[in-house]
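These are the structures, in structure tokens.
In the two complexes that follow, chain A is the common piece, with chain B as its partner first and chain C second.
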Partner chain A sequence: MSPFLRLALAVVATGAAMPAYAASDGLVAPLVRWAPVILGGFLFNVLVSILAMTLGTVAGAALGLGLISETRAIRVPSRIVTEFFRNAPWLVLLFYCILLIPFEFRVGGTIIPLPGWVKAVIGLALPVMANVAEIVRGAVQSIPGAQWESAESLGFSRFQTLWMIVLPQCLKRMLPPWMNLYAILTMATPLISIVGVEDGMTLTRAAIASEGRTDLLMPMYGFLLALFFFYCYPIARWTVRLERRFALSA
Partner chain B sequence: MNHDLPLVSIRHLEKRYGALTVLHDISFDVRRGEVACIIGPSGSGKSTLLRCINALAPFQAGSIKVAGIEVRDPALDKRGLRRRVGMVFQQYNLFPHKTVLQNVMMAPIHVLGQNRHDVEERARRLIAKVRLQGKEDTFPGELSGGQQQRVAIARSLCMAPEVMLFDEVTAALDPETKKEVLVTIRELAEDGMTCILVTHEMGFAREVANQVYFTDKGVIVEHGPPKEIFNNPQQSRTREFLDQVL
Partner chain C sequence: MMQWLQGPDGLTGLGLSILDDDLDRSAFLWGLWTTVWLSLVCIVLSFAIGIAGAWAQGASSRLGRGVVSAYIQVFRNTPPLVQLYFFFFAVGSLLPSVTDSYGQSVPMVTNVGWAVVSFSLYAGAFNIEIFRAGIEAVPSTTVEAAEALGYSRLGTYRHVVFPLALRISLPALGNNLVNLVKTTTLAYAIAVPELLYVSAQIWSEQLNVRTMMNLLLVVYIALVGLLVLGINRWERALRVPGLGR
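On to the complex of A and B.
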């Protein structure tokens, strides 16, 4: 148990130490009491999702460019990596990263520790990377070949064409699927609780356990569900609106 | 530079897609300042021929020389070739995320590494030349087809090419905007620009061309000054075609 979790439990428990009193506590009071803890845990999920998305997007952009490379030696391995991580269950990937990546590594003389949550971020970034790669490839290939051809006839190199002409045109097209992927990732972050990272899920479970009341199961998990919903739903709505707008302007 | 030498010289060009021969034994010369029109039915390989000239399409045998550069040379300096050969497409193919001015300025700055200030001055002059002054900051999507096509011409001209290739550039335009584009091309020709045009505008070909090439099924059936080709075609295939389109 992490110091944070222990502290959080201790703080809240002092306010609700007496079981006899807790039983007559109703449903609202414990929920209010634990809400900051659960919210804190949820914010950690959000943090993990942002980090995994950032890492996955950077790696995925590179991998996506590999997918459209004219060099076979780059294209084929990129395709294999993409297919592998796109078709692997996220939870299994997470377990793999937790078990495979060492808990610390040495750079020169300094030891850099890799806590579980960092490994979890890497584990979640892998499928994100593969999906981003596909988004990039699809968007680049959606630009008509005539754009490439006219750039080529003006003397632009392949890299210049991609960088100055093709990618700026696809950014808009990539945004909705990318946001959609982010929402899916965020909703998948409670998986990290299974591999021992203390996220919103872990803290909710701990809160219920410390109250010792089964009637709190529904409201407590319900609160966590609501947090995820109110975070992800606006993203989904916004995605739909962007899609509609780009569909009109295209 | 010897002005008597042809600027573009094509010899025994062969182009195949797999087993299908698209161009067979094509040979012709275009001299500096000359306007050559290639006419013929659809699918006769006219566009492919243009694309071979600026190395957009590879070919299997024969030779194309542009200003002394052998296009089939495996060590071809494509950038060097393409700065000499401008190309305008049927569908304009402007860069939709860039303004008119940016479209015209991009290649000289990023491909030729020229000074932005000089390029801008030249670009503005060319935009005015194709009668689009005032549209510099407009995006292509807001322009008519004819206007877009004239931007495409200005964009090509800003590279200061020695020869311009026009690939059915009015085929997608309605009759009115077509005329604006043809006027622009005629002015270019009158200024002495070497032009090779693939076109279905027989009237225009008759008016501006020095040489007309009639192609069918990947070969040049006959060629000559427009007067001869249009008034007195020697080949029955040419006559049939002209009877259909005129």
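On to the complex of A and C.
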């Protein structure tokens, strides 16, 4: 269990220690009792999503530049990697990383442990990487070719053109699809509960199990759904707004 | 034939127990079939939801429009896995159980049933948005011309707007259907014996995790590739010259 979750559990351990005889205290009281635990778990999901997005964006930017490379030996492998990770199901990639990455690495004399949640972050970052690569490629190709030609005639090298002229314009175009991808990633994070990483989903199910009441299923799962909704919905609205604004100015 | 494929030592050395072992092979093929079946049923249902929802969104009833857009926002902005659990555990617990032909008490909707309901509703929410964008792209003059010719609202939708909108929506629709096929792996979580689930059973018995994992990835990519191929062909077959691009 991550220290983060342990903290979340400890905070409410006192309040949640007596569920056995509190079986008839309505629907609201158990929900209030468990809300901090579930919220803590949900924040862990958010943390995982931020880490996976960061990792996936860095790797995906590099892969995306590989996709638009003029060298065939870089472009073709980049295309294969992108298509592979874009088309493979997220859950299968997660299983792949969880089961096949070793639980520790030995570099020289030091042992670097790789807990499950780190492997889960890597597993989620892989499809993010492939999607970011496509976003980068799409944005670069949406810049008129004439700009490349004018930059070339002004004596810019290919790298300079990309770095100083094309990419700065791309950032604006990449932002909405990138945010969209982040929302998709956040909604994929509960998958890590399937491969045994404790997250908001795991804690919600644990809370339900410890209360042992079927009438709590709906409110508890509903609460978790609501948490995700109130996190992802504003992102979606904002994405739509940005898309509209950039569409007008372009 | 299998004897020849296996060679003197069998293929077990490769860890491909689905070639050597009859039980594993039939389980794997059954899982593959379940995945394909689940994908096809959900594609058809989500398609129907998309068509009906997009039509309701264009309706004059404010209540209808509100309900549809609330549905879209809720299903688009919550995790599909939590939706699946919500349906399977929470909604499922509210439904009465029925007695099957063996006299046993079974839930009214099975885990496969809930997977179909959940994935169809999830993909359907996206399909509505996709079809709506396609409908908005149909020139208003075309709609007006249809009205002038005496088409009713439903008639205009059925014979004029939808056929055009479908062609415009196909690329986005294809993307969503690919996502749907990938989403069917989530059924693993409620023990639907689809490809991922049976593969996990095989690798935990045969301890051939690496081989099964690689095989699984290849099979899924092949499935998605087939779907993409099919959609591309459909797109070409339906193409109207001068429309869209």
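Keep this in mind: the second predicted complex is superposed on the first by the 229 of 250 C-alpha atoms of A that agree within 3 Å, B and C clash if a C-alpha of one lies under 4 Å from a C-alpha of the other, contacts with A are read in each partner's own complex, and residues count from 1 in each chain.
Following the convention adopted for this analysis, a contact is a pair of C-beta atoms (placed from the backbone, for glycine too) under 8 Å apart; a residue touches a chain by one contact, two chains touch by 3 or more.
Treat the numbers as computed from the prediction; the structure is a model and nothing was measured.
Contacts of A:110 after superposition on the shared chain: neither chain B nor chain C is touched. With both structures placed on the common chain, the touch criterion links A:201 to chain C but leaves chain B unconnected. Look at A:96: by the touch rule set out above, it reaches chain C but stays clear of chain B.
Once the two complexes are laid over each other on the shared chain, residue contacts for A:147 go to chain B alone; chain C is not touched. In the superposed pair of complexes, A:168 makes contact with chain B only, with no contact to chain C. Greater residue coverage of chain A by touch, when chain B is weighed against chain C, goes to C. In the superposition on chain A, A:160 makes contact with chain B only, while chain C stays out of contact range. With the contact threshold set out at the top, not one residue of chain A is in contact with chain B in one structure and with chain C in the other. Against chain C, the residues of chain A that register as touching in their complex are 84, 87-93, 95-96, 99-100, 183, 186-191, 193-194, 201, 205, 208, 214, 217-218, 220-222, 224-225, 228-229, 232-233, 236. Note for the complex: chain C touches chain A at residues 73-74, 76-83, 85-86, 89-91, 93-94, 178, 181-183, 185-186, 188-189, 196, 200, 209-210, 213, 216-217, 220-221, 224-225. Looking at the complex, you find that chain B touches chain A at residues 54, 56, 78-79, 82-83, 85-87, 89, 91, 93-97, 106-107, 110-112, 152, 155-156, 159. Chain A meets chain B in the complex at residues 146-147, 149-157, 160, 164-165, 168-169.
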